[in-house]
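In order of appearance the chains are A, B and C, and numbering begins at 1 in each one.
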Amino acid sequence: MEKLLSVKKIVVGNQQVKILRDISFEVKEKEIVSIVGESGCGKSMTLRTIIKLLPKNLEILSGEIYFDRIEIRKYNEMEKIRGKEIGMVFQEPSSYLNPLFTIGNQIEESIKENISKKEKKEKIVNILKEIGLSPNVYYQYPHQLSGGMQQRAMIAMSLINKPKLLLADEPTTALDVTTAFGIINLLKNLISKYGLSIIFVTHDISLARYISDKIIVMYAGMILEKGNADLVYNKPLHPYTQKLITCLPEKYKKGEKIRTIEGEVPSFKNLPIGCPFSPRCEYRQKLCEEKIPEEIEVDNRIVRCIRYGNFMEN
Amino acid sequence: MKKILQRLKKRNYISFISLWIIVFLYFLAIMADFIAPYPYNKQFRDYPLCPPTKIHFFDHNKKFHLRPFVYEIKLVNPALNQYEIIEKICPIYFFVKGEKRKILGLFPSTRYLFGTKQGKIFLFGTDMHGRDIFSRVLYGARISLSIGVIGVSLSFFLGFLIGGISGYFGGRIDNILMRLVEIFMMFPAFYLMLALRAVFPLNLSSFQIYLLIVVILSLIGWAGLARIIRGMVLSIKEEEYILAAKALGISTFKIIFKHIIPNTFSYSITAITLSIPGYILGESTLSLLGLGIQEPFPSWGNMLSVCIGNLRILSNAPWMLIPGFFIFLTIICFNFLGDGLRDILDPKNW
Amino acid sequence: MRRYILNRLFQFIPLLIGMTFISFLIIQISPGDYFTQLKMNPEISPETIENMRKLFGLDKPVIIQYFYWLKNIFSFNLGVSFSYHVPVSFLIKVRLKNTIALSIFSIFLTWIISIPLGIYGAIKDKKIQERILSFFAYIGISLPGFFIAMLVIFFISKTAILPLGGTTSIFYENASNFEKFIDYLKHLLVPGLILTLSGIGSLYRLMKNNFLETLNSPYIFTAYAKGIPTYKIYFKHALRNAINPMITIFGYELSGILSGAGLVEIITGWPGMGRLVLEGVLSFDLYLVMASLLIGGILLILGNLLADILLALTDPRVRLR
């Protein structure tokens, strides 16, 4: 399969803080890649970096992003790519949809093809049906829809131009479980139908395994482990991933004490000099606190931990 | 308090300066007896509508004088209020002797901050009765500046009482009180102010009028404050620690005074600062229209009233507008200060 | 939509009743009544006064008096002005027209100027252009309306480019309708501009803050992510959302405009309601003052109703519940 997106050694931040450090990963055609991590670890920033919509005070400091042979960092006509080649759906559809315009209107304005109004409407009604909404939704305003319907409308909006890549930023977190599963299954079906790749951001690693081919585990703006979804889930290598998985509710026996990861996520203003996870890690060595470990390939995946190899030279 | 000042200085320098300007204005008002070169009602009949006196260091021979001086002036054309300089040098002295006055109404004194031994010094010119506008601005500041503070205290008391009751008890009481607030807010303030003034006779003593203005302005101002405080109390009431206090059986009285009122403090400070300009404006408006402070007592508002519909005075003696600049200065300083305080007292900005 | 408006109308009824009651109360607490002054007038016979007393129910208890008064109010009988010796309603009719013209003129001008400025300020946030605009806005907010009026009049008295005072020129009687209209507009210009100047600052600041806040909202991010051009994001998505809160405060703003208009009318000599109230207060013409107060309140209620309707038209969340 061909590479669709490749992110190489991206650093995002400003003079004071680095929000993303040394981020590299690839997305192939028709592949689902999940980015997993606690809130504030830089998952959403990674998505925003890909379509170059960072907050005003942040910028890409170094690295390269290739999408379909375009180097995004140097590319100046992002408006041609956003919505057309790369679609995006968000966590809370209720606030990410403009309350003052109908769903039809909001989908229509994202259509990039030069076709008549009637054709546009036909197109929208078709996609609404496909996504499991009644054509009537075309005339409705966001506040008249339920959360699940809003999210479906959002997906319809992002798929209207048949993009190659869909960025999904925790699309199911704000929904209740049954609605969420409806959305997950919908996304899975769409991949085969549209020939689409998805980057799926979530904090739920078991959901990530269910939906995706590949899992990327992020912590404090860094990738700690990435590889085949089943492999990462069943045989995690990095101490952080291991902790994440042993803390999952389904891993408990009845009456067992609740396990947590001790300590707190470091703030971006006060990052450890060495491995970001070192203050909370039980295998911590002296070297861990001094140098950031390099990414190395172990057991068919990439891990950033001293236990499996060497430190980065810096 | 010191902390607040430091933070203000660091985050918002303009509002820090504004605070000091306000303090300075209040100082001028309090010390008016000492700083003003003339009493507020002293009429110099020979100097009607005299332009502001220029202070010189160089005389007409270009000779430098270390002690600043003014020239004596003389009215040459009474019809057109034209003055001519007589080349007689009148030096300015500090702590000059003058008529006996009581400073702060307590300490009799015959010496004032500055003045001339011969000639006259009118820093801001004179009005048509030949009264020194600078002195009158200082005395007027006493009324204009104090009415804002007293008025806001009274409305705040009312606002706190009614807004607090409404927000804390809710239900029917809240409903009735809020309708009342809405009714008061539905009258345009200017009309309500004049209507309330109309209830009382026009010729009252100046003290009665002062009190009347305070009462009228508070009757207009309480409604908005009550609504804001009600909203604040409503949101604090829902906070977990209040629910906890209630669950622990702490008395209503204690909850209100120990938990709710202190939590509205930082907001109240800001709201008070930002509503003072409204009271200053209200007083000046009433006095400007001849319904407030009466002559010969000066207030910044009534000093401007000759400018209404009197184009000749406006165009020939623009210094008559100076009290307006003082109103503007005070209001802009309070606005800057209020914005600065809101900025630093908001916990989100810490 | 219709239900929403009816609902709002319904909510205004207790307000209206409360307002009449407070107006009535103010007359009641004032020393003496309307007739104490009339009695001093030798031209009016005691019988006439006694008849009028009965008409107003002044020989009955206070509550009954209120209902008498209310009945009179609803038949637009607002009493007789004893300084003008004509019905108050007649006086108000003439002046109300001028006040409404002045208010609408300046509201229109204020919005037309401050909304684009607000958008510009928000787009240039924290840059030099925005700092300058905001500085002037600050001055505008802090300058008292009457002081702006005096400064403008001072300027005009030096240049004499615009007419000042009254609503018409001397040639008015012989002019054509169109010339009459232009003449009226010319006279409206000075008070209108003064009122506009004193209103732009706060409206600009409001619009700027709204627009900024809207630009930071998630749906604007969605629009960017959809690849919509920036100008379209500003003028379609952000503008509509930023204007809605402005409509909400329209009623509140109208209160300020009516108050400001009253004062500006007095200073510039524009014969509107503001001057009428002042004349009423100065001549102790209580019925005139109360009627003006009531009319001012009713104008505000109508303004709020208008704002509610406008909001329902622009915001589907209000319209379709």
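Note that in this section a contact is a pair of C-beta atoms (placed from the backbone, for glycine too) under 8 Å apart; a residue touches a chain by one contact, two chains touch by 3 or more.
The shown structure was predicted, so the numbers you read here are calculated from the model rather than taken from an experiment.
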Steps needed, at fewest, to go from subunit A to subunit B via touching chains: 2
Which two chains share the largest set of C-beta contact pairs: B-C
Chain centroid nearest the full-protein CA centroid: C
Where subunit A and subunit B are represented by their mean Cα positions, the distance between them in whole Å: 58
Distance from subunit C to subunit A - Cα centre to Cα centre, in angstrom: 53
Centroid distance [mean C-alpha coordinates] between subunit C and subunit B, Å: 26
Subunit C residues counted as touching two or more neighbouring chains: none
Subunit B, residues touching no fewer than two other chains: none
Of subunit B, residues touching subunit C in the complex: 179-180, 182-192, 194-202, 277, 281, 284-285, 288-291, 304, 307-309, 311, 314-315, 318, 321, 324, 327-328, 331-332, 335-336
Subunit B contact footprint on subunit C (complex, rising order): 14-15, 18-19, 22-23, 26, 29-31, 138-139, 141-144, 146-147, 150-151, 153-154, 157-158, 164-165, 255-256, 258-260, 262-263, 266-267, 269, 273-274, 277-278, 280-282, 284, 286, 289-290, 292-293, 296-297, 299-301, 304
For the subunit C and subunit A complex, residues of the former touching the latter: 217-219, 221-229, 232, 236-237, 240-241, 244, 314-317, 320
Complex contacts: residues of subunit A adjacent to subunit C: 51, 53, 78-84, 87-88, 90, 92, 95-102, 109-110, 112, 141, 143-144, 154, 157-158
